[in-house]
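Two complexes come next, and they have one chain in common, chain A, joined by chain B in the first and chain C in the second.
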Partner chain A sequence: MVLRGFRRFRLFFSYFKDLVGQEVTVELKNDLAITGTLHSVDQYLNIKLENTRVVDQDKYPHMLSVRNCFIRGSVVRYVQLPPDGVDVDLLHDAARREARGG
Partner chain B sequence: MSWAGPEDIFLSTSLASYLDRKILVLLRDGRKLMGTLRSFDQFANAVLEGACERVIVGEQYCDIPLGLYVIRGENVVLIGDLDTEREELPPHMIRVSETEIKRAQKVEREASELMGTMRKRMEFLDFD
Partner chain C sequence: MSVEEDATVREPLDLIRLSIEERIYVKLRSDRELRGKLHAYDQHLNMILGDVEEVITTVEIDDETYEEIVRTSKRKVPFLFVRGDGVILVSPPLRTT
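The block that comes next holds the complex of A and B.
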(Lines of atoms letter the chains of each structure in order from A and count residues from 1; the text may use other names and numbers.)
(Lines give C-alpha, C1' and ligand atoms only; values in the text may rest on other atoms or scores of the structure.)
Protein backbone atom coordinates (compact mmCIF):
# COMPACT_ATOMS: atom_id res chain seq x y z
CA MET A 1 0.00 0.00 0.00
CA VAL A 2 1.41 3.35 -1.00
CA LEU A 3 1.95 5.79 1.86
CA ARG A 4 -0.17 8.90 1.43
CA GLY A 5 0.66 12.46 2.40
CA PHE A 6 4.02 14.11 1.86
CA ARG A 7 5.85 10.89 1.18
CA ARG A 8 4.21 10.47 -2.20
CA PHE A 9 4.95 13.77 -3.95
CA ARG A 10 8.68 14.19 -3.42
CA LEU A 11 9.61 15.35 -6.88
CA PHE A 12 10.17 19.02 -5.98
CA PHE A 13 11.75 18.13 -2.66
CA SER A 14 14.31 15.97 -4.48
CA TYR A 15 14.72 18.63 -7.12
CA PHE A 16 15.45 21.38 -4.58
CA LYS A 17 17.83 19.10 -2.68
CA ASP A 18 19.93 18.93 -5.85
CA LEU A 19 19.90 22.73 -6.05
CA VAL A 20 21.49 23.22 -2.60
CA GLY A 21 24.46 25.56 -2.90
CA GLN A 22 23.04 27.50 -5.83
CA GLU A 23 22.03 31.14 -5.85
CA VAL A 24 18.29 31.55 -5.98
CA THR A 25 15.79 34.34 -5.58
CA VAL A 26 12.69 33.51 -3.59
CA GLU A 27 9.66 35.69 -4.21
CA LEU A 28 7.11 35.56 -1.42
CA LYS A 29 3.37 36.05 -1.58
CA ASN A 30 3.77 39.38 0.24
CA ASP A 31 5.91 40.54 -2.74
CA LEU A 32 9.16 40.46 -0.76
CA ALA A 33 11.96 38.96 -2.89
CA ILE A 34 15.13 37.59 -1.33
CA THR A 35 18.28 36.43 -3.07
CA GLY A 36 20.59 33.99 -1.36
CA THR A 37 22.37 30.67 -1.43
CA LEU A 38 20.06 27.72 -0.99
CA HIS A 39 21.18 26.10 2.25
CA SER A 40 18.47 23.53 2.75
CA VAL A 41 14.94 22.51 1.98
CA ASP A 42 12.50 20.11 3.62
CA GLN A 43 9.41 18.08 2.77
CA TYR A 44 7.17 21.11 3.23
CA LEU A 45 9.43 23.01 0.82
CA ASN A 46 10.42 25.33 3.66
CA ILE A 47 13.61 27.02 2.51
CA LYS A 48 16.69 28.15 4.36
CA LEU A 49 18.80 30.75 2.62
CA GLU A 50 22.26 31.98 3.48
CA ASN A 51 24.07 35.17 2.60
CA THR A 52 20.76 36.84 1.89
CA ARG A 53 20.08 40.21 0.44
CA VAL A 54 16.70 41.68 -0.26
CA VAL A 55 15.92 42.69 -3.85
CA ASP A 56 14.30 46.05 -3.06
CA GLN A 57 16.35 46.89 0.05
CA ASP A 58 15.03 50.44 0.51
CA LYS A 59 11.49 49.20 0.78
CA TYR A 60 12.38 46.73 3.54
CA PRO A 61 14.76 48.53 5.93
CA HIS A 62 14.12 46.01 8.71
CA MET A 63 15.78 43.28 6.62
CA LEU A 64 19.13 45.10 6.55
CA SER A 65 20.99 42.93 9.05
CA VAL A 66 19.36 39.64 8.12
CA ARG A 67 21.98 37.40 6.53
CA ASN A 68 20.39 33.98 6.95
CA CYS A 69 16.73 33.20 7.01
CA PHE A 70 14.14 30.47 7.18
CA ILE A 71 11.21 30.85 4.79
CA ARG A 72 8.01 28.95 5.41
CA GLY A 73 7.09 26.94 2.33
CA SER A 74 3.47 28.07 2.44
CA VAL A 75 4.39 31.70 1.72
CA VAL A 76 6.55 31.14 -1.35
CA ARG A 77 5.19 32.39 -4.67
CA TYR A 78 8.22 31.75 -6.92
CA VAL A 79 11.72 30.39 -6.69
CA GLN A 80 13.84 31.97 -9.41
CA LEU A 81 16.73 29.80 -10.55
CA PRO A 82 19.85 30.31 -12.64
CA PRO A 83 18.99 29.25 -16.20
CA ASP A 84 21.86 26.77 -16.33
CA GLY A 85 21.08 25.44 -12.86
CA VAL A 86 18.42 23.12 -14.19
CA ASP A 87 18.71 19.95 -16.23
CA VAL A 88 15.33 20.30 -17.89
CA ASP A 89 15.38 16.89 -19.55
CA LEU A 90 16.14 15.13 -16.28
CA LEU A 91 13.31 16.99 -14.59
CA HIS A 92 10.98 16.23 -17.48
CA ASP A 93 11.71 12.51 -17.19
CA ALA A 94 11.28 12.58 -13.43
CA ALA A 95 7.93 14.33 -13.78
CA ARG A 96 6.73 11.78 -16.31
CA ARG A 97 7.77 8.97 -14.02
CA GLU A 98 6.06 10.58 -11.04
CA ALA A 99 2.86 11.12 -13.05
CA ARG A 100 2.87 7.50 -14.13
CA GLY A 101 3.10 6.59 -10.45
CA GLY A 102 6.44 4.77 -10.66
CA MET B 1 11.19 21.28 10.25
CA SER B 2 12.00 18.04 8.49
CA TRP B 3 12.01 14.65 10.04
CA ALA B 4 15.60 13.83 9.16
CA GLY B 5 15.73 10.46 7.49
CA PRO B 6 19.10 8.75 6.94
CA GLU B 7 19.63 10.49 3.60
CA ASP B 8 18.62 13.87 5.00
CA ILE B 9 21.07 13.82 7.88
CA PHE B 10 23.15 16.66 6.46
CA LEU B 11 20.22 18.59 5.08
CA SER B 12 18.00 20.09 7.73
CA THR B 13 15.75 23.10 7.52
CA SER B 14 15.52 23.02 11.27
CA LEU B 15 15.18 26.20 13.27
CA ALA B 16 17.52 24.69 15.85
CA SER B 17 20.40 26.77 14.54
CA TYR B 18 18.46 29.90 15.51
CA LEU B 19 17.77 28.82 19.11
CA ASP B 20 18.73 31.37 21.77
CA ARG B 21 19.58 33.87 19.10
CA LYS B 22 17.98 37.20 18.37
CA ILE B 23 15.70 36.81 15.38
CA LEU B 24 13.31 38.80 13.26
CA VAL B 25 9.95 37.21 12.52
CA LEU B 26 7.84 38.54 9.66
CA LEU B 27 4.16 37.78 10.02
CA ARG B 28 1.50 37.47 7.35
CA ASP B 29 -0.23 40.65 8.54
CA GLY B 30 2.96 42.62 7.87
CA ARG B 31 4.10 42.88 11.46
CA LYS B 32 7.77 42.55 12.35
CA LEU B 33 8.56 40.93 15.66
CA MET B 34 12.00 40.62 17.17
CA GLY B 35 13.18 38.57 20.10
CA THR B 36 15.13 35.56 21.29
CA LEU B 37 13.97 32.24 19.89
CA ARG B 38 13.43 29.86 22.78
CA SER B 39 11.35 27.11 21.19
CA PHE B 40 9.87 25.91 17.90
CA ASP B 41 8.15 22.92 16.35
CA GLN B 42 7.48 21.30 12.97
CA PHE B 43 4.74 23.84 12.17
CA ALA B 44 7.10 26.76 12.71
CA ASN B 45 5.22 27.67 15.89
CA ALA B 46 7.72 29.67 17.91
CA VAL B 47 8.31 31.00 21.38
CA LEU B 48 9.94 34.41 21.44
CA GLU B 49 11.36 35.79 24.65
CA GLY B 50 11.76 39.53 25.16
CA ALA B 51 9.74 40.12 22.05
CA CYS B 52 9.11 43.55 20.64
CA GLU B 53 7.28 44.78 17.60
CA ARG B 54 9.28 47.06 15.34
CA VAL B 55 6.87 49.48 13.74
CA ILE B 56 8.24 51.36 10.76
CA VAL B 57 6.45 54.28 9.13
CA GLY B 58 8.51 56.06 6.50
CA GLU B 59 11.75 57.14 8.13
CA GLN B 60 10.45 56.70 11.67
CA TYR B 61 10.50 53.56 13.76
CA CYS B 62 9.62 52.40 17.26
CA ASP B 63 10.13 49.17 19.20
CA ILE B 64 7.10 48.28 21.28
CA PRO B 65 7.92 45.71 23.98
CA LEU B 66 5.65 42.67 24.12
CA GLY B 67 7.25 40.22 26.55
CA LEU B 68 6.96 36.47 26.06
CA TYR B 69 5.19 35.52 22.84
CA VAL B 70 3.96 32.26 21.35
CA ILE B 71 3.53 32.60 17.60
CA ARG B 72 1.34 30.23 15.64
CA GLY B 73 3.31 28.90 12.67
CA GLU B 74 0.65 29.53 10.04
CA ASN B 75 1.18 33.29 10.49
CA VAL B 76 4.93 33.09 9.97
CA VAL B 77 6.34 34.35 6.68
CA LEU B 78 10.02 34.43 7.44
CA ILE B 79 12.39 33.98 10.34
CA GLY B 80 15.61 35.90 9.94
CA ASP B 81 18.83 35.56 11.87
CA LEU B 82 19.91 39.06 12.88
CA ASP B 83 23.61 39.63 12.34
CA THR B 84 24.63 41.50 15.50
CA GLU B 85 27.67 43.01 13.80
CA ARG B 86 25.56 44.81 11.27
CA GLU B 87 23.24 47.74 11.67
CA GLU B 88 19.68 46.56 12.05
CA LEU B 89 18.31 49.60 10.31
CA PRO B 90 19.65 52.21 7.87
CA PRO B 91 21.32 55.05 9.82
CA HIS B 92 18.99 57.76 8.51
CA MET B 93 16.01 56.29 10.34
CA ILE B 94 14.69 58.14 13.37
CA ARG B 95 13.55 56.45 16.56
CA VAL B 96 10.32 57.91 17.94
CA SER B 97 7.98 57.23 20.83
CA GLU B 98 5.08 54.80 20.78
CA THR B 99 2.41 57.53 20.65
CA GLU B 100 4.26 59.22 17.80
CA ILE B 101 4.50 56.06 15.71
CA LYS B 102 0.87 55.15 16.34
CA ARG B 103 -0.10 58.59 15.10
CA ALA B 104 2.05 58.14 12.00
CA GLN B 105 0.48 54.71 11.40
CA LYS B 106 -2.99 56.23 11.58
CA VAL B 107 -2.06 58.92 9.04
CA GLU B 108 -0.58 56.31 6.72
CA ARG B 109 -3.63 54.08 7.04
CA GLU B 110 -6.03 56.92 6.32
CA ALA B 111 -3.96 58.01 3.32
CA SER B 112 -4.00 54.52 1.80
CA GLU B 113 -7.73 54.20 2.45
CA LEU B 114 -8.27 57.48 0.66
CA MET B 115 -6.19 56.21 -2.28
CA GLY B 116 -8.31 53.10 -2.29
CA THR B 117 -11.63 54.88 -2.45
CA MET B 118 -10.35 57.36 -5.04
CA ARG B 119 -9.17 54.51 -7.22
CA LYS B 120 -12.55 52.84 -6.95
CA ARG B 121 -14.23 56.08 -8.02
CA MET B 122 -11.84 56.43 -11.00
CA GLU B 123 -12.45 52.84 -12.04
CA PHE B 124 -16.16 53.45 -11.82
CA LEU B 125 -15.90 56.48 -14.09
CA ASP B 126 -13.74 54.65 -16.63
CA PHE B 127 -16.14 51.80 -16.89
CA ASP B 128 -17.63 51.78 -20.37
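The block that comes next holds the complex of A and C.
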Protein backbone atom coordinates (compact mmCIF):
# COMPACT_ATOMS: atom_id res chain seq x y z
CA MET A 1 0.00 0.00 0.00
CA VAL A 2 3.05 2.23 0.26
CA LEU A 3 3.14 2.14 -3.53
CA ARG A 4 0.01 4.23 -3.71
CA GLY A 5 1.82 7.30 -2.41
CA PHE A 6 5.10 6.61 -4.17
CA ARG A 7 4.50 8.42 -7.42
CA ARG A 8 2.28 11.18 -6.14
CA PHE A 9 3.06 14.81 -6.88
CA ARG A 10 6.12 13.94 -8.99
CA LEU A 11 4.77 13.15 -12.43
CA PHE A 12 6.29 16.10 -14.27
CA PHE A 13 9.46 16.07 -12.20
CA SER A 14 10.04 12.47 -13.31
CA TYR A 15 9.11 13.34 -16.88
CA PHE A 16 11.62 16.18 -17.08
CA LYS A 17 14.33 14.05 -15.49
CA ASP A 18 13.86 11.56 -18.31
CA LEU A 19 14.20 14.39 -20.79
CA VAL A 20 17.64 15.61 -19.60
CA GLY A 21 19.99 16.00 -22.55
CA GLN A 22 17.30 16.92 -25.05
CA GLU A 23 16.70 20.26 -26.72
CA VAL A 24 13.75 22.23 -25.40
CA THR A 25 12.43 25.75 -25.76
CA VAL A 26 11.28 27.41 -22.55
CA GLU A 27 8.82 30.26 -22.91
CA LEU A 28 8.67 32.55 -19.92
CA LYS A 29 5.74 34.56 -18.66
CA ASN A 30 7.45 37.73 -19.87
CA ASP A 31 7.34 36.30 -23.42
CA LEU A 32 11.07 35.63 -23.59
CA ALA A 33 11.76 32.25 -25.20
CA ILE A 34 15.02 30.38 -24.67
CA THR A 35 16.16 27.29 -26.53
CA GLY A 36 18.76 25.04 -24.96
CA THR A 37 19.72 21.60 -23.80
CA LEU A 38 17.97 20.48 -20.65
CA HIS A 39 20.70 20.03 -18.07
CA SER A 40 18.70 19.44 -14.91
CA VAL A 41 15.38 19.99 -13.18
CA ASP A 42 14.23 19.92 -9.57
CA GLN A 43 11.01 19.27 -7.66
CA TYR A 44 9.85 22.85 -8.21
CA LEU A 45 10.44 22.37 -11.94
CA ASN A 46 13.22 24.94 -11.82
CA ILE A 47 15.18 24.33 -15.01
CA LYS A 48 18.84 24.56 -15.90
CA LEU A 49 19.60 24.94 -19.58
CA GLU A 50 22.93 24.74 -21.40
CA ASN A 51 24.02 26.06 -24.80
CA THR A 52 21.23 28.54 -24.64
CA ARG A 53 20.18 30.95 -27.31
CA VAL A 54 17.28 33.34 -27.18
CA VAL A 55 14.62 32.65 -29.78
CA ASP A 56 14.08 36.22 -30.95
CA GLN A 57 17.63 37.58 -30.65
CA ASP A 58 16.89 40.94 -32.17
CA LYS A 59 14.08 41.59 -29.74
CA TYR A 60 15.99 40.43 -26.66
CA PRO A 61 19.65 41.24 -27.24
CA HIS A 62 20.56 41.41 -23.55
CA MET A 63 21.12 37.67 -23.33
CA LEU A 64 23.41 37.26 -26.34
CA SER A 65 26.40 36.23 -24.25
CA VAL A 66 24.49 33.91 -21.93
CA ARG A 67 25.19 30.25 -22.63
CA ASN A 68 23.89 28.55 -19.49
CA CYS A 69 21.08 29.61 -17.25
CA PHE A 70 18.91 28.70 -14.30
CA ILE A 71 15.21 29.40 -14.73
CA ARG A 72 12.90 29.62 -11.74
CA GLY A 73 10.01 27.24 -12.29
CA SER A 74 7.37 29.79 -11.39
CA VAL A 75 8.26 32.10 -14.30
CA VAL A 76 7.75 29.43 -16.95
CA ARG A 77 4.66 29.63 -19.13
CA TYR A 78 5.41 26.79 -21.56
CA VAL A 79 8.12 24.29 -22.38
CA GLN A 80 8.14 23.17 -26.01
CA LEU A 81 9.15 19.54 -25.99
CA PRO A 82 10.55 17.04 -28.48
CA PRO A 83 7.55 14.98 -29.63
CA ASP A 84 9.43 11.72 -29.43
CA GLY A 85 11.03 12.49 -26.08
CA VAL A 86 9.07 10.08 -23.93
CA ASP A 87 6.56 7.29 -24.42
CA VAL A 88 3.11 8.92 -24.33
CA ASP A 89 1.41 5.75 -23.15
CA LEU A 90 3.49 5.84 -19.98
CA LEU A 91 2.38 9.45 -19.51
CA HIS A 92 -1.26 8.51 -19.90
CA ASP A 93 -1.00 5.72 -17.34
CA ALA A 94 0.88 7.90 -14.88
CA ALA A 95 -1.59 10.76 -15.22
CA ARG A 96 -4.52 8.46 -14.65
CA ARG A 97 -2.96 7.31 -11.39
CA GLU A 98 -1.79 10.74 -10.28
CA ALA A 99 -3.78 13.88 -9.53
CA ARG A 100 -5.89 12.48 -6.79
CA GLY A 101 -6.11 15.59 -4.65
CA GLY A 102 -6.41 13.78 -1.35
CA MET B 1 -1.72 -2.60 -14.01
CA SER B 2 -2.68 -0.95 -10.73
CA VAL B 3 -5.80 -2.13 -8.91
CA GLU B 4 -6.14 1.33 -7.41
CA GLU B 5 -6.97 2.95 -10.72
CA ASP B 6 -10.41 4.22 -9.90
CA ALA B 7 -13.10 4.84 -12.49
CA THR B 8 -15.35 6.84 -10.15
CA VAL B 9 -15.57 10.57 -10.58
CA ARG B 10 -15.34 12.08 -7.12
CA GLU B 11 -13.84 15.51 -7.54
CA PRO B 12 -13.21 18.08 -10.30
CA LEU B 13 -9.76 16.72 -11.15
CA ASP B 14 -11.40 13.40 -11.96
CA LEU B 15 -13.38 15.09 -14.70
CA ILE B 16 -10.12 16.07 -16.34
CA ARG B 17 -8.91 12.50 -16.05
CA LEU B 18 -11.78 11.48 -18.33
CA SER B 19 -10.24 13.66 -21.05
CA ILE B 20 -6.81 11.99 -21.15
CA GLU B 21 -5.95 11.13 -24.76
CA GLU B 22 -8.81 13.36 -25.89
CA ARG B 23 -8.69 16.81 -27.38
CA ILE B 24 -9.42 19.61 -24.91
CA TYR B 25 -9.76 23.36 -24.77
CA VAL B 26 -7.70 25.27 -22.19
CA LYS B 27 -8.21 28.94 -21.31
CA LEU B 28 -5.08 30.59 -19.94
CA ARG B 29 -4.21 33.94 -18.44
CA SER B 30 -3.12 36.76 -20.74
CA ASP B 31 -5.99 36.11 -23.16
CA ARG B 32 -4.54 32.87 -24.47
CA GLU B 33 -6.33 29.71 -25.43
CA LEU B 34 -5.02 26.29 -26.31
CA ARG B 35 -6.58 23.37 -28.11
CA GLY B 36 -4.73 20.12 -28.07
CA LYS B 37 -4.66 16.48 -27.06
CA LEU B 38 -4.24 15.94 -23.34
CA HIS B 39 -1.41 13.54 -22.55
CA ALA B 40 -0.81 14.24 -18.85
CA TYR B 41 -1.78 16.56 -16.02
CA ASP B 42 -1.33 16.89 -12.28
CA GLN B 43 -3.09 18.49 -9.33
CA HIS B 44 -1.53 21.89 -10.15
CA LEU B 45 -3.02 21.64 -13.63
CA ASN B 46 0.43 21.43 -15.14
CA MET B 47 -0.27 19.68 -18.44
CA ILE B 48 1.34 18.14 -21.44
CA LEU B 49 -0.57 18.66 -24.66
CA GLY B 50 0.08 17.32 -28.15
CA ASP B 51 -0.74 18.88 -31.55
CA VAL B 52 -1.50 22.18 -29.89
CA GLU B 53 -2.87 25.32 -31.41
CA GLU B 54 -2.42 28.48 -29.35
CA VAL B 55 -4.63 31.52 -29.95
CA ILE B 56 -3.63 34.88 -28.48
CA THR B 57 -6.30 37.59 -28.49
CA THR B 58 -5.48 41.29 -28.36
CA VAL B 59 -7.79 44.28 -28.40
CA GLU B 60 -6.61 47.57 -29.78
CA ILE B 61 -8.55 50.77 -29.31
CA ASP B 62 -8.42 53.25 -32.13
CA ASP B 63 -7.32 56.65 -30.80
CA GLU B 64 -9.84 58.60 -32.81
CA THR B 65 -12.87 56.44 -33.26
CA TYR B 66 -12.47 54.50 -29.97
CA GLU B 67 -13.56 51.38 -31.73
CA GLU B 68 -12.19 48.09 -30.51
CA ILE B 69 -10.11 46.12 -32.97
CA VAL B 70 -9.88 42.51 -31.96
CA ARG B 71 -6.93 40.59 -33.33
CA THR B 72 -5.92 36.99 -32.88
CA SER B 73 -2.59 35.35 -33.56
CA LYS B 74 -2.21 31.62 -33.78
CA ARG B 75 0.62 29.16 -33.74
CA LYS B 76 1.01 25.43 -33.62
CA VAL B 77 3.34 23.46 -31.38
CA PRO B 78 3.68 19.68 -31.68
CA PHE B 79 4.27 18.89 -28.01
CA LEU B 80 3.94 21.35 -25.14
CA PHE B 81 4.27 21.45 -21.35
CA VAL B 82 1.96 24.06 -19.82
CA ARG B 83 2.56 25.32 -16.30
CA GLY B 84 -0.55 25.04 -14.19
CA ASP B 85 -0.45 28.47 -12.58
CA GLY B 86 -1.48 30.02 -15.89
CA VAL B 87 -4.53 27.83 -16.40
CA ILE B 88 -8.00 29.29 -15.91
CA LEU B 89 -10.23 26.52 -17.23
CA VAL B 90 -10.18 23.16 -18.96
CA SER B 91 -13.01 21.81 -21.06
CA PRO B 92 -13.81 19.50 -23.96
CA PRO B 93 -13.37 21.46 -27.21
CA LEU B 94 -16.16 23.94 -27.84
CA ARG B 95 -18.23 23.03 -30.84
CA THR B 96 -19.49 25.79 -33.14
CA THR B 97 -22.66 24.82 -35.00
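We take it that the second predicted complex is superposed on the first by the 90 of 102 C-alpha atoms of A that agree within 3 Å, B and C clash if a C-alpha of one lies under 4 Å from a C-alpha of the other, contacts with A are read in each partner's own complex, and residues count from 1 in each chain.
Please note the rule applied: a residue touches a chain if its C-beta (ideal position, glycine included) is under 8 Å from a C-beta of that chain, and two chains touch if they have at least 3 such contacts.
Given the structure is predicted, the values throughout are model-derived calculations rather than measurements.
Asker: Please determine, from the superposition on chain A, whether chain B and chain C clash or fit.
Answerer: clash
Asker: Which partner does A:69 contact after superposing on A: first (chain B), second (chain C), both, neither?
Answerer: first
Asker: Determine, under the contact definition given at the top, whether A:30 touches first (chain B), second (chain C), both, or neither.
Answerer: first
Asker: Is A:38 contacted by the first partner chain B, the second partner chain C, both or neither?
Answerer: After superposing on A, A:38 lies clear of both chain B and chain C.
Asker: What is the contact status of A:61 with respect to chain B (first) and chain C (second): first, second, both, or neither?
Answerer: first
Asker: Look at A:20 in the shared chain and tell me whether it touches chain B only, chain C only, both, or neither; answer first, second, both or neither.
Answerer: After superposing on A, A:20 lies in contact with chain B but is clear of chain C.
Asker: Which of the two partners, first being chain B and second being chain C, lies in contact with A:46: first, second, both, or neither?
Answerer: So A:46 only meets chain B here.
Asker: Which of these chain C stretches, 26-34, 44-52 or 62-70, gets into chain B when the structures are overlaid?
Answerer: 62-70
Asker: Residues of chain A that sit at the chain B interface in one complex and at the chain C interface in the other, please.
Answerer: In chain A, positions 74 sit in both the chain B and chain C interfaces.
Asker: For chain C, which residues are in contact with chain A within the complex?
Answerer: Answer in residue numbers: 1-2, 4-6, 11, 13, 16-17, 20-21, 39-43, 46, 48, 50, 77-83, 85-86.
Asker: Along chain A, where are the residues that touch chain B in the complex?
Answerer: Against chain B, the touching part of chain A is residues 17, 20, 28, 30, 32, 34, 40-44, 46-48, 52, 61-72, 74-75.
Asker: Spell out the residues on chain A that touch chain C in their complex, using ranges where they run on.
Answerer: 3-4, 9, 11-12, 15, 29, 45, 73-74, 76-83, 85, 88, 91-101
Asker: Provide the residue numbers of chain B that touch chain A in the complex, in ascending order.
Answerer: 1-3, 8, 11-13, 15, 18, 24, 26, 28, 30, 32, 44, 54, 56, 61, 73-74, 76-84, 86-90, 93
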